[in-house]
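Below: one structure, written as structure tokens.
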Amino acid sequence: MGKPKVAFFDFACCEGCQLQVANMGEILLDILDIVDVVEFREVMSEKWGGELDIAIIEGSITDEHSVERIKEIRKRSGILIAYGSCATIGGVNGMKNNFDLDEIREYVYGSDFHFFPTKKTMAVHQVVKVDYSVIGCPVYIPEFVEVLKAVLQDIPYSVPDYAVCVECKQNENVCMYDKGVGCLGPVTRAGCNSWCVNNGNICYGCRGIVSGPNEKGAHDILSKYNIPLDLIKNKINMYNKCREIDQNAQ
Amino acid sequence: MHSDINNRDLNINLEYLTRVEGHGNIVVNVKEGRLETCHLDIVEAPRFFEGLLRGRSIFEAQHITSRICGICSCSHSLASIQAAEDALSITPSSQTIKLRKLLLYFEILDSHLLHIYFLAAPDLLGVKSFVPLIGTHNEVIRRALRLKKTCNDLCGILAGRHIHPISMTIGGFTKLPTEKDLDAMLALLEGMRHDIEATVEFVSAFKFPEFERDTEYVALVSDDGEYPLLAGDLGSSDGVRMNKKEYKKVTNEFVVPHSSAKHTKLSRRSYAVGSLARFNLNYEKLHPKAKETASTLRIKSVCINPFLNTVAQMVESVHCFNEAVSILADLKNTGINPSEEIVVGLNEGSKIPVKAGNGVGAVEAPRGTLFHNYEIDEKGIILNANCIIPTSQNLNNIERDMEKLVPEILDKSDEEITHSLEMLVRAYDPCISCSTHLVDVKFIHA
Amino acid sequence: MEKIILKDSAYSIKKGTILGIKQMTESEKLFEIALEGGKRLDHEPGQFVMVSVFGAGEIPISVSSSPANNDSFDLCVRAAGKVTNTLHKLKAGDMIGIRGPFGKGFPIGILKGNDLLIIACGLGLAPLRSLIRFVFDKRQDFGKIHILYGCRNSANMLFLDEIKEWRKRNDVYFESIVDQATPDWAGKVGLVTTLIPGIQIDPDRTFVALVGPPAVYKPAIKELLSRNVPERQILISLERHMKCGVGKCGHCQIQHLYCCQDGPVFNYEAIKHLKEAF
Amino acid sequence: MQDKQYAILWKENFNNFISSLSKLHKLAAPVFKGYNNYAFENVRSGQEIALKYIPTILPPKKFFMPVHETLLEYDFSRGLKADAVTEYEEIILFGVHTCDIAGIQCLNMVFSEHPQDQNYLIHSQNIKIIGLECNEYCDEFANCHLMNTHLPDGGYDIFFTDLGDYFIVHINTQAGEDIIKDTGFFMSAQSSHLNELASYREKKQAIFKNELPVELDLIHDLFDRSFESRIWDDLDERCLACGNCTNVCPTCYCFDIRDEINLHLTAGKRYRVWDSCQLGPFAKVAGGKNFRTTRKVRQRHRYYRKFRYPMDRFSRYFCTGCGRCSRSCMAGIRLKETLKSLIGSKEGAKA
């Protein structure tokens, strides 16, 4: 078999996750040695349009045009990787779903808002089947490399289904709760090596919520530290608003 | 070659412009030698950032708005924090300012180098992307990736990562560099010196199209000796000067139907921001090494060839590189005061006093002047938000450039014309996902 | 940091070459493995090895062949996930890694001279085949032998050729049953436990070897106890998540026991009070 | 009279001792990380060391059993080559409290039990331990008196006790004696010093009191009766399964083993990484069966791994009383409270 044909596609996003690819440095050349990148609009003019072995999708689905486009890409792709928080969990674009769509369009575009159609933000798996996920805002390069290798070996990659706290403790950080601020680490999926807490910030939940989080336990923590529940709920919505679409689907 | 340009029909409809950040189309229509349409359509799906900021805490603004754009997320963070601090009347410490400048230098370096190597170089070397260059110019590509990675690592040490910096927040930094970190950053910079020199040489071999159009340039200006990137007033080459609070008078936004990004104008029909604008307005304040580079690359202020924006980026890269080295040396001298480290969060501990206010941030992002403006209530909740992105400011100017360029090259083939237009757009290094956002301005039907 | 190569690490692997592969059902394959340099595995029936598929990982797999065969050994593997699927893609001649054998198998010394009732459910036949082959090799050492084999449907039946042979033998009683009948199936339908009342055994001198998925143990043991088989004569093999195989990593712990070292084969008496065992 | 087993280090020589030791060896000691948190980190001078500290975020097990550790390296680009490996360095730990020394003793037992774990043992052989006695009770989370780990009981090379103007130092091994000799700031102890030590220990008894109304020897019986206790249901409601308690416990050693392959899929390594019985997938097997699905049974398992199961295998409790699990628990699950509830429950009352 020849080198697998890979293409990058972007939907509503900041394109930071694609840029992470350029930030890999010289390993990128090793990757380009084993895969054939046929489309990558951000850095390439080449266009392919044919069958793909691997499609890497960045960004959320936010309008009708994107729904059609992602379906078309799915049809011609063997493996589809949702790449980054926008694609995997809706990410910051999901915050739009907090508002009435016409209202937010009017706020941004004025009275002629109907020129700019929009839909409720959706993660890619909420529109088409996704084979692999690389979560993160932005993606964590070592994890992306692991997923890529899993794809090439044709084995599944499962995103860790335990809390960011695990990695945070292993990194021996002072817990943010000890500093008196709320952190989403206890309910957020690990795999980023507790990136934000290592740098003195809190975890904002960009990797999605662990399955079966203990909501009662979480409320206990908040009350223990005098952190209002609304604040945390709002914080969770920063990246995880689209979770509601999954929950409603169940 | 077209023999009869006066009867020439041309129909360019280039969808999904490549090697730019975000989605844009070029639409040009020439009928019997007369230019009828000349647009840069912005078809990026709108993301409604200003809309969705409403109701969120001002302490989250930087985290959210850095997600407007991955390439210049440090600049967005900086502008956002500046606006927030302005609204809250917080004055950052001098150590904080130095560290912020450092981060901005790293980001400008990173962004300019990315543009030079991956976005602009393929055009100038006659290939479609950097991929074929891996075979033909392997050493160049390796150098580019090395440089890119180093910039990324520098931001990583200073702010946790380059894309969506972690530790920079209202009031300062949640994690301050240690002595070891300062040494590590200096070592990384030293390690790239040679590659920067090689990049200057690489750029000096480029041949740029000869095209000029007299343009109004806008950038931050100041009265001190420093090349202003993080502070200053708004200035233009037509002599405008005003406080950043009055940014709306400069940008005069208006909406056009073909673009989900709004357009701007000042004294004339359009103006330009970015490297070339800063170079033209503030040449005197560049680092001596950067001036040397300018003369090596034969670019003189005032330069009105937009294609040479790439050259101005090179000059600025040298400037940022050298300024970063001196800030680090300075910090090593004075030492970092670790007690300035601040605890981020939801401001739950009410460590930072909050009040109602309206604040503006103006920062020279790699692509030009970037404005953030927030209005907050007494609890620090955002009531209104507005972000004006360099690329939106340039869009109108790009179209005016295209209008002048197309008739000048009508004797060329369709492909050549398309390619020239693409190159022109790319020279501005447009950042389209950034520019897709709009505010409450009146819709002006053209 | 100094890096050294460890000669006698518990994590060193022996190199194994895949001699042959046989597709047994849609999801199970039988691998014949030889260790490098003709080394012998020297296992007991019921023991397992840790199998490395490089890059994918390492997993516990029971040895399926009789210890009497020294040149090679068999592994019967169901494609269940990451490592097993990758293993299924390998070809004859490919190399894998082997650690072990590990754990306690069936206590051959004690079984000798007694009757055997072997109850296999689904993939449980994989470790039991090792015992069955061994017993057949040393047939004169054992008394009466019953083998009961249950599986989901006829398409899931393992070791079909051998089963044909077993059915023909008159020194063993063999019976099989499926959960779901398909048109090609003429035999019995139901759970394997329903076969227990129908067989003639002398409970005092019968040892039971029972292997199957977790759900089968409770009903089967109940049935056996009602036939008066003494608790310590019921031998079962428990499956647990395993990573190290040497009683350290904690994954296979059943209360105070390490399944990988203290098991996987236990007699019922020893573990009946363990609430986490079933 | 002089005692060869004991030496004296005057406080004014402490910094010199540390500087000279750090020149001879890589040295790690507790340092202050802010917000009442401490961590063992590399140090070069005495000023960096927190002599008074409450148990560090991670116990010293991180040196004996690094979070990530390579076990095997392989290459199958041409044939198969696979080597079991370990990476180690010589290091001295200064300031290890008695509870943490007890934790190391527990781990030593686990990893030297057959089949031995060479990777652990090689780390262990290359680490020297300088103990430091707690003069004060650290905080409300500890239960070191109950576990009888508040006094030195071997497991170190030398052991420091602060007696005001000087440290009295017990020398326990040849390596300990070398440290004393090589640094050269110590004096031999006189009988007056030993008397002071004895009277200090007596005073210590007044500060360190049994934390719970139960005899240590009866705890395993208590657990024998408590498997079905309601107390575990309460933990089910509270536990978040964040894994903090096991990561920070000096005697938790569960790990996962993973493979990492290179991009060309031709070579790679196998490494172990700390794992936790508190995490959902820990006991799941193929076919989807999970042997410990609920938080309740996972928490119960943790407690039994401290207070019941090791008694069968090692005749010793695997709780050192350091209090880390309670200190770091997001949900406020407190070991002493759990024990107290068990003692007060109907199962406990039977005793």
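Here the chain labels run A, B, C and D in written order, and each chain numbers its own residues starting at 1.
In the analysis below, a contact is a pair of C-beta atoms (placed from the backbone, for glycine too) under 8 Å apart; a residue touches a chain by one contact, two chains touch by 3 or more.
Here the structure is a predicted model, which is why all the values come from computation and not from measurement.
Visitor: Sort out for me whether A-B or C-D is joined by the greater number of C-beta contact pairs.
Guide: By the number of C-beta pairs in contact, the winner is A-B.
Visitor: Need the most distant chain from subunit B, centre defined as the mean of C-alpha atoms.
Guide: Here the answer is chain C, farthest from subunit B.
Visitor: Which chain is the middle one, judged by CA centres?
Guide: Smallest offset from the overall C-alpha mean is found for A.
Visitor: Roughly how far is subunit C from subunit D, centre to centre by C-alpha average, rounded to an integer in Å?
Guide: Comparing mean C-alpha positions, subunit D is 39 Å from subunit C.
Visitor: Between subunit B and subunit D, what is the gap in Å from one C-alpha centre to the other?
Guide: Comparing mean C-alpha positions, subunit D is 52 Å from subunit B.
Visitor: So how far apart, in whole Å, are subunit A and subunit B when each is placed at the average of its C-alpha atoms?
Guide: So the centre of subunit A lies 25 Å away from the centre of subunit B.
Visitor: Please report how many Å separate the Cα centroid of subunit B from that of subunit C, as a whole number.
Guide: 65
Visitor: Residues of subunit A touching 2+ other chains?
Guide: 149, 153, 179
Visitor: For subunit C, write out the residues touching at least two other chains, lowest number first.
Guide: Within subunit C, the residues that touch at least two other chains are 55-56, 81.
Visitor: Could you list which residues of subunit D touch at least two other chains?
Guide: Counting only residues that touch two or more other chains, subunit D contributes 261, 265.
Visitor: Determine which chains touch and list them pairwise.
Guide: A-B, A-C, A-D, C-D
Visitor: Hey, which residues of subunit D end up touching subunit C in the complex?
Guide: Where subunit D meets subunit C, its residues are 71-72, 74, 76, 79-80, 82-89, 110-111, 113, 115-119, 122, 227-228, 253-259, 261, 265, 268, 270, 272, 275, 277, 282-287, 289, 291-292, 297, 301, 304-305, 308-309, 312-313.
Visitor: In the complex formed with subunit A, which residues of subunit B make contact?
Guide: Going by the criterion above, the answer is residues 16, 18-23, 44-48, 50-52, 54-56, 60, 63-64, 67-71, 73, 114, 118-119, 122, 128-131, 134, 141-142, 145-146, 148-149, 152, 159-164, 166-167, 169, 173-175, 255, 257, 260, 341, 343-346, 348-349, 433, 437-443.
Visitor: Quick one: which bits of subunit C touch subunit A in the complex? Just the residue numbers, please.
Guide: Residues 55-56, 81-82, 85-86, 89.
Visitor: For subunit C, which residues count as touching subunit D in their complex?
Guide: Touch list, subunit C to subunit D: 1-6, 8-13, 15, 52, 54-58, 78, 80-81, 84, 95, 97, 213-214, 239-241, 243-244, 246-251, 253-256, 275-276.
Visitor: In their complex, what parts of subunit D are in touch with subunit A?
Guide: Those residues of subunit D that touch subunit A are 33-37, 39, 57-58, 62, 67, 237-244, 247-248, 260-261, 263-265, 274, 276, 279-281, 295, 328, 330-332.
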